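What follows is subunit A paired twice: with subunit B in the first complex and subunit C in the second.
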Partner chain A sequence: MRIIGKVIIASLFLLFVGLVVLKGYSWQQNRKTPPQPIQFSHEIHVKKVGLSCQFCHTTVEKSTFAGIPSLQKCMTCHEKVATDRPEIQKLTRFWKDGTPIPWNRVYRIPVRNHVYFSHKRHVKAGVECATCHGNVEVMPVMKRQRELQMGWCVSCHRANNAPDDCLTCHK
Partner chain B sequence: MDRRNFLKAVGVVSGTAVLTSCGVDKGTEKIIPYLIPPEEDVYPGKPLLVSSTCTECPANCGVQVKVHDKMYRGERGLFPTKLEGLSGHPVNDGALCMRGQASLMRLYHPDRIKRPLVRDASGNFRVATWQEAYQKIRDSLESNRKAGRKNIYLSGKTTATLAQLIADFCRQLGIERVPEYEAFSHAAVKEANRLLFGRREVPHYRIQAADFLLTLGADIFETFLSPVNLAVQFARARERGLVWFHLEPHVSLTGVQTTRRLSIKPKSEIYLLAYLFHWLIAKGAVKYRLPAEVSQAVPYFHRDEVLQETGLSGAKLDELLEAFRRAENPLLIAGNVATAQEWGLEVAVLAGLIQWMTGMTDSVVDFSRAEDASAVGDLRDVQRLVNLLSRNQVGVLFLARTNPVQTLPRELEFGQRLHGANLVVGLSDVLDDTVRQCDVILPLSHTLEAWGDSEPRRGVFNLIQPAMEKQYDTRSEGEILLQLLEAAGKPVPTTDYHQYLIGQWNQRFSPEQMAELQENGFLELPVKAVKVKLNFPALRAFLRKPRKFRPVEGPVLVVTPSIRSYDGRSRLLPLMEEIPDPLSTISYGEWITVSENLAENLQLKNGDEIEVVLEEMVLRKPVFIQKLMPTNLLAIQRDLLEELPLTIDPNSGEAIIVREGVRVQRTGKHIPLPVLAGSMSGQEGRGILPEEMHHGGDHESEHEKIANNPPHEHKDYRWGMAVDLESCIGCNACSAACYVENNIPLVGAEEHLKGREMSWIRIEPYYVGEETMEFLPMMCQQCDNAPCEPVCPVYAAYHNPEGLNAQVYNRCVGTRYCSNNCPYKVRRFNWFDHRLPEPLDKMYNPEVSVRERGVMEKCTFCIQRIRSAKDTARDEGRKVADGEVVPACAQTCPTNAIVFGNLLDKNSAVYKLAHSSRQYRVLEELGTEPAVHYLGKEPKGEV
Partner chain C sequence: MDFFQELFLPPSADHLHLIKFLLMVIYFIHLPFIALVIGGTFYSLWFNVRDGGRNHPIYGRLAYQVLEALVFNKWAGLVLGVLPLLVIILISGQIFYDAPIAIVPFLSYLTIFTAVGLSLVYAYQASFRWRENNYYLHLLFGVAGLGMLLLAYLLFSGVTSLQLDPGRWFLIRKPTQLLFSWNVMARFVQFTTAALAFSGAAVLFFFFHWQGGRRGLEENYATYLRNFAMGTALFFTLLQPFFLFWNLITLPSISLSEAVFLLAILVIMVLAWVGLKLWRMVQEKTARRGVSVFVLYLLAFVLMVVTDHFALENAIENHSALLISRAEEVQSRLEAEREARRTSAIKVDLELGKKVYLNQCITCHRFDQQVVGPAYNQVLPKYLDRQEELVDFVRKPRKIDPALPPMPQLGLKESEIRSVVAYLLKTFREQQNNSTAK
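Our next item is the complex of A and B:
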């Protein structure tokens, strides 16, 4: 009886540890590649179609935010293009229903409320999009490449002689 | 399984359950793009600027609305987050008062009426459709007309196209348009001008062209006519050496900024003016001569009698008279407490007479640009309406943008009489005392959600344009009237008010003017010159009426306007309670201001409750003791009263706010008041204002400077500020602007009583001598040798290369050491999370973080604005230019008392001011090396 009890406890404990590991892994994956309402592929748009980043992320050179294209912009092409694909049909449904697409954020500054980050400044300083976002042209599914921790920002700033005063970023 | 193992198993299983349930959605924040992007060039990070008009009070300042593209509770949209005065606007030229700054809170107020409401048979409101409401109004209009009852339209002050549309609406539907109602109608001044010049108007006072100003009662920085405009003009006149005398029985914010504040006995203004009148004639200091029979009809008082009745000293009276005579362009303004009393009309007539006689009406008293108040009636008009109501002769009564139930004198009993009307239709944006008593409520869109126009004074035309989509099912008054006309089967050109406005504008303006209106948000129109002529017969008839003036007896109660809420309308804006009243520094609560002698007689301390009996009315409120208040005087701000103990002047229709026959006694109760000035506005020898410091000896040598830090090197910028105390009028506009710009939490009465207010910039009033107070705006001094920095154990407070005492919120652990070590008491600690309630949180500025509990915060010199200017400068490959960074406080200041810039730039405005002879720094002897330089006041010697 006691042995059976111990076995049960031990197996439950092992199950617990297993779940912790699994959960942790899937959570991490989920954070890096959050599920999206539409399986949008950067690979197709950048590599196959040959669009530049700025074509959709229109304000990346003039604002702190890079900008996410409006549904209207998607529809300028997808009114005609690839209308038979299930993902494009999803897109059309959003358009017809008049609801914006609730994308899940992939990149997020850990304490965004307290941090000021300007895409414009970085692009103008010649920082490549890929430095933070990786090679999106080979990503059928967008995946986070960097955790955007402060230490990483600061090391790059120092290496490139960019200001490292706290108030450069902290707001 | 034994108990022990069972518990182990349960522990493991429940632990697993907890683990699997957590973290599912963490890290997956939504990011919502537009369906169709807005037409304007606006995107996150770049706010849109929309020119419009502030309608919080009838002054109608021009504003620039900052609209942010941001996420709000999972929805993407455009949200106005800040109002700023429109630069170059003829009324306010870039400045805005604290009510204007706070008026965004009306747009997002939780009490906004969201859809039409109709009172059902049981007396409760139920939601209705617009059609239903229109139907009900249309039927009622018709049945009442048939029954021979009057349908009446009463509104607050209305100008431009809407005024015409209301007139048209009333004419087409047979509705009587009664004179407009405003609590501050300036009835006595208008009646006097009608009598003297045949013009029932309040002129535009051109303080900027005057070298001598004499104000009787007129609180020109608080609520009088157009306070921001008058303050802007004051600043211009002051630079050219304006000499200003102010006479008042109580103590007002306006009074303490003047060259001489003369305290006179209540109701004694008439003695002084009559004396001044005869003295000017006797000295020949007049431009136009009056016939002897007129001048002789003005009562003559002997000098001794004047001194006795007014309580002025002979020396002060002489100083005033001589200054008046010496002036090239004198200006006399009488208003508020001087004209809202038993002999108010006589005061206004005499003031008008002196204005004419000395030639002011040719220059500084400008009737051609009259502050358009001619459609606003007085209390006699309201009395007529009340009589109709009590005789059940009113059918449908429209009440638009007005709150008579709250603001009319109690003796009119408007609230009760209202039910005499058959159907009361209220048009309002928020639920107020009047609307609650209506039968049909038509919700109005806020000015920032609708199209419109306004004419704040003759010759100034303002555009009102929407800065956001309507938040609720509301409509503008213009739309409602057009649609009601259509519902009644009358011809209307369009039911779209915007189209209607364009039609009207095209008729009135040339294409060039239209383009200018679009471009600037306002138009300056040519006005016909007005040369006023004295109406002698009317004047003679008035002067012939015998009036008996008598001395005032016993304690007097003055019911004053409030700078924070105007006539009471702005009290619902939460920020207007969080920011203290400038003179008393009381934020939340209700109080009666009493004189020191009264407090001594009744043995009162601040917060002790008194009972004030006035006829059949009893007030019980705690007291605040005001050192400057003359003997036997009590004052209460009108917005703190539920019922107004005012009477009506039958001669002018003005509300009389000076009440005699008051009985006062203490109740023994004590109600703590949040008085935010810690030392009761005493300097206690600290030399915070320069006069005392210089008189008190050389502090610099008395103390050895302690260097907490090695001196700092600044490379490109050393941000600094200069505050001219000569210009600061203590109006608190800066404080309000700062709250809105920097998302400063509103913490409420309880926290204020514990001294936990959060303002980053505050106005400290200090008593100076026996007669006046002075103001000192206090914000983080951004010290070079900052005491706060070395004590922070986590380096959250540190010195930035540009000289700012930076505060890194997410590094702060809340030890509060920095605050304890700050000699200026400008650091604020978040004891709790005080987020603005929904939907007020729509106004959060996305460029500034919202701090949470346990974090220290303080003035940042508007780092977000510095950063933005540097960003632009960098794009253009240059350094930030002087004047490019304007913090919110400096931006809104009507007198430009605050100047910001780079202290390393020797050509910058701030550098010059920081090296002026009047420059000093607060508590300089501590060696903190502040970056905020104050310019002290020159001692007020001879004038």
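Our next item is the complex of A and C:
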């Protein structure tokens, strides 16, 4: 009786230790924003250099996509600026090879095919970038701040009297 | 004037670290106490109802003694219950400075509920003196007090959970909206069951060990109390891993990190240890390991508080970075103002100007050719008689030529700006004079 009880209690707790380990493992697999090919810092370019978001993400007010800037845009400055740094030399190599930088996406709606999202509508409605992407100007590395789950989109729509029927987002 | 201005600033990095640490310490003082009050009141009411006002030799006495042992007295309620919440409000107001989260109002409701709940519990304790006269009013104090405290700590679970999910900060405006999420449920159930288990352990500690144990307990009374305390402590401890895990899987992923998982495992291990000890106590029918069970439970509370602390650090990393950056901005603005006031400091120094030009401007500008920015020879003529405008532009660059990238903010000191402007205009004039002289 005494031993059986002990074994049962110990295995109950061990079971949950195992479950926590499993959860931790799956979290680690999903979380990783893969490292970017170039260590681009929004903090330097937005806060220190003082560029506006639209300067690089040019289509954010005009289209569904915000758009990642082309290498051309970087080189308007970096042909001359900070050319002695290793990261910029990497940048220059991409430029000389004529290959676009293979940035890894940080924000992506999980089931993109069935969901319609448009930056234009939100930016025009006065929703700030920070509401959905966090305070980008203090990020040395871009990191995902929101999970982009349906419940989140819908609760903001309800709070702002934006349309919340299924066909708004599912086409 | 200066002094007051400098008092009310966004918190700096060091200050932020310090108050986050302080917050953790305060939670560690406050939460075990509230757990004892909730558990003590619950058990007391339980015995009280079984007694039914008939002064049963065991239940009637237990109803009073358990309450007295676990809720201490009203001064403890003030110092360990209400005051910590006031400090938590002050600290949270700073940590969430300028964040779109209604943290201070939510915590204020929480404080009011807790204060009222604790007052009712102490009124319940005092009303044991006239229990015979009005049994139901006496019970009502206890039930209302317990209900109020449970409501308060449901709200508390809601606030803690919301803090860990910045995506919802701006969406939650009313306290009732706080409560609808699985994470809040998990936290609340976990806290209340932990409170009941910890209170069981505390009964063992305070009746059988503290200062050598209570004297003059009759044999059957002591046996009943010991078995009851061991049984409830064991039962509610066995529920803990389930609720802890439920809490963990409903946390937003931004608040997770390796440390959070490791600490969660540690909490479960400590509780497993407690569970095994309690099981042996039940089997051996002694209260011998009561001290270590009580102390291990305190350790579990510490670890739970630290886990939440790490989760909070993860969740508000971005907001903290923003605060620190604001603090630095304010600091450098104050310094610039102070420098500007000391007139001697903004002496124009051509040597300094030359240095600034060679260190900073030359990356993008030359006199005779366009690099990143335009050639000076093209843009300086319009500033020849308007030196102040050029100082203004360097201090806060604007976009002028749409074909070129905007000029960065350079973060120069006022004296550096004035010196480099003087240097540029002087050099430009000299070059012009030279070329016309030729």
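The rule is short, and it goes like this: the second predicted complex is superposed on the first by the 138 of 171 C-alpha atoms of A that agree within 3 Å, B and C clash if a C-alpha of one lies under 4 Å from a C-alpha of the other, contacts with A are read in each partner's own complex, and residues count from 1 in each chain.
Operating definition for what follows: a residue touches a chain if its C-beta (ideal position, glycine included) is under 8 Å from a C-beta of that chain, and two chains touch if they have at least 3 such contacts.
None of the values given here were measured: they were computed from a predicted structure.
In the superposition on chain A, contact of A:Ser70 is made with subunit B only, not with subunit C. Of the two partner chains, subunit B is the only one that A:Ile101 touches; subunit C does not reach it.
By the touch criterion stated above, A:Phe13 is placed in contact with subunit B and with subunit C alike. After overlaying the two complexes on the shared chain, residue contacts for A:Lys23 are found with subunit B and with subunit C alike.
With both structures placed on the common chain, the touch criterion links A:Lys171 to subunit B but leaves subunit C unconnected. In the superposed pair of complexes, A:Gly5 makes contact with subunit B and with subunit C alike.
Once the two complexes are laid over each other on the shared chain, residue contacts for A:Arg31 go to subunit B and to subunit C alike.
Shared contact residues of subunit A with subunit B and subunit C: 5-6, 9, 12-13, 15-16, 19-20, 23, 27, 30-31.
Chain contact summary for the complex, subunit C toward subunit A: residues 166-168, 170-171, 238, 241-242, 244-245, 248-249, 252-254, 256, 258, 261, 264-265, 268-269, 271-272, 275-276, 279-280, 283, 318-319, 321-322, 324-325, 363-364, 371-372, 397, 404-406, 408-409, 411. The touching residues of subunit A, counted against subunit C in their complex, run 1-2, 5-6, 9-10, 12-17, 19-21, 23-24, 27-28, 30-31, 47-52, 55, 76-77, 79-82, 131, 134-135, 137-139, 143-147, 152, 155-156, 159. Those residues of subunit B that touch subunit A in the shared complex are 1-2, 5, 8-9, 12-13, 15-16, 19-20, 23, 26-37, 43-46, 76, 798, 800-802, 804, 806, 808-810, 847-850, 863-864, 867, 871, 874-875. Across the complex, subunit B is touched by residues 5-6, 8-9, 12-13, 15-16, 19-20, 23, 27, 30-31, 34-35, 58-59, 62-65, 67-73, 95, 98-105, 108, 111, 113-114, 116, 118, 120-121, 124, 165-167, 170-171 of subunit A.
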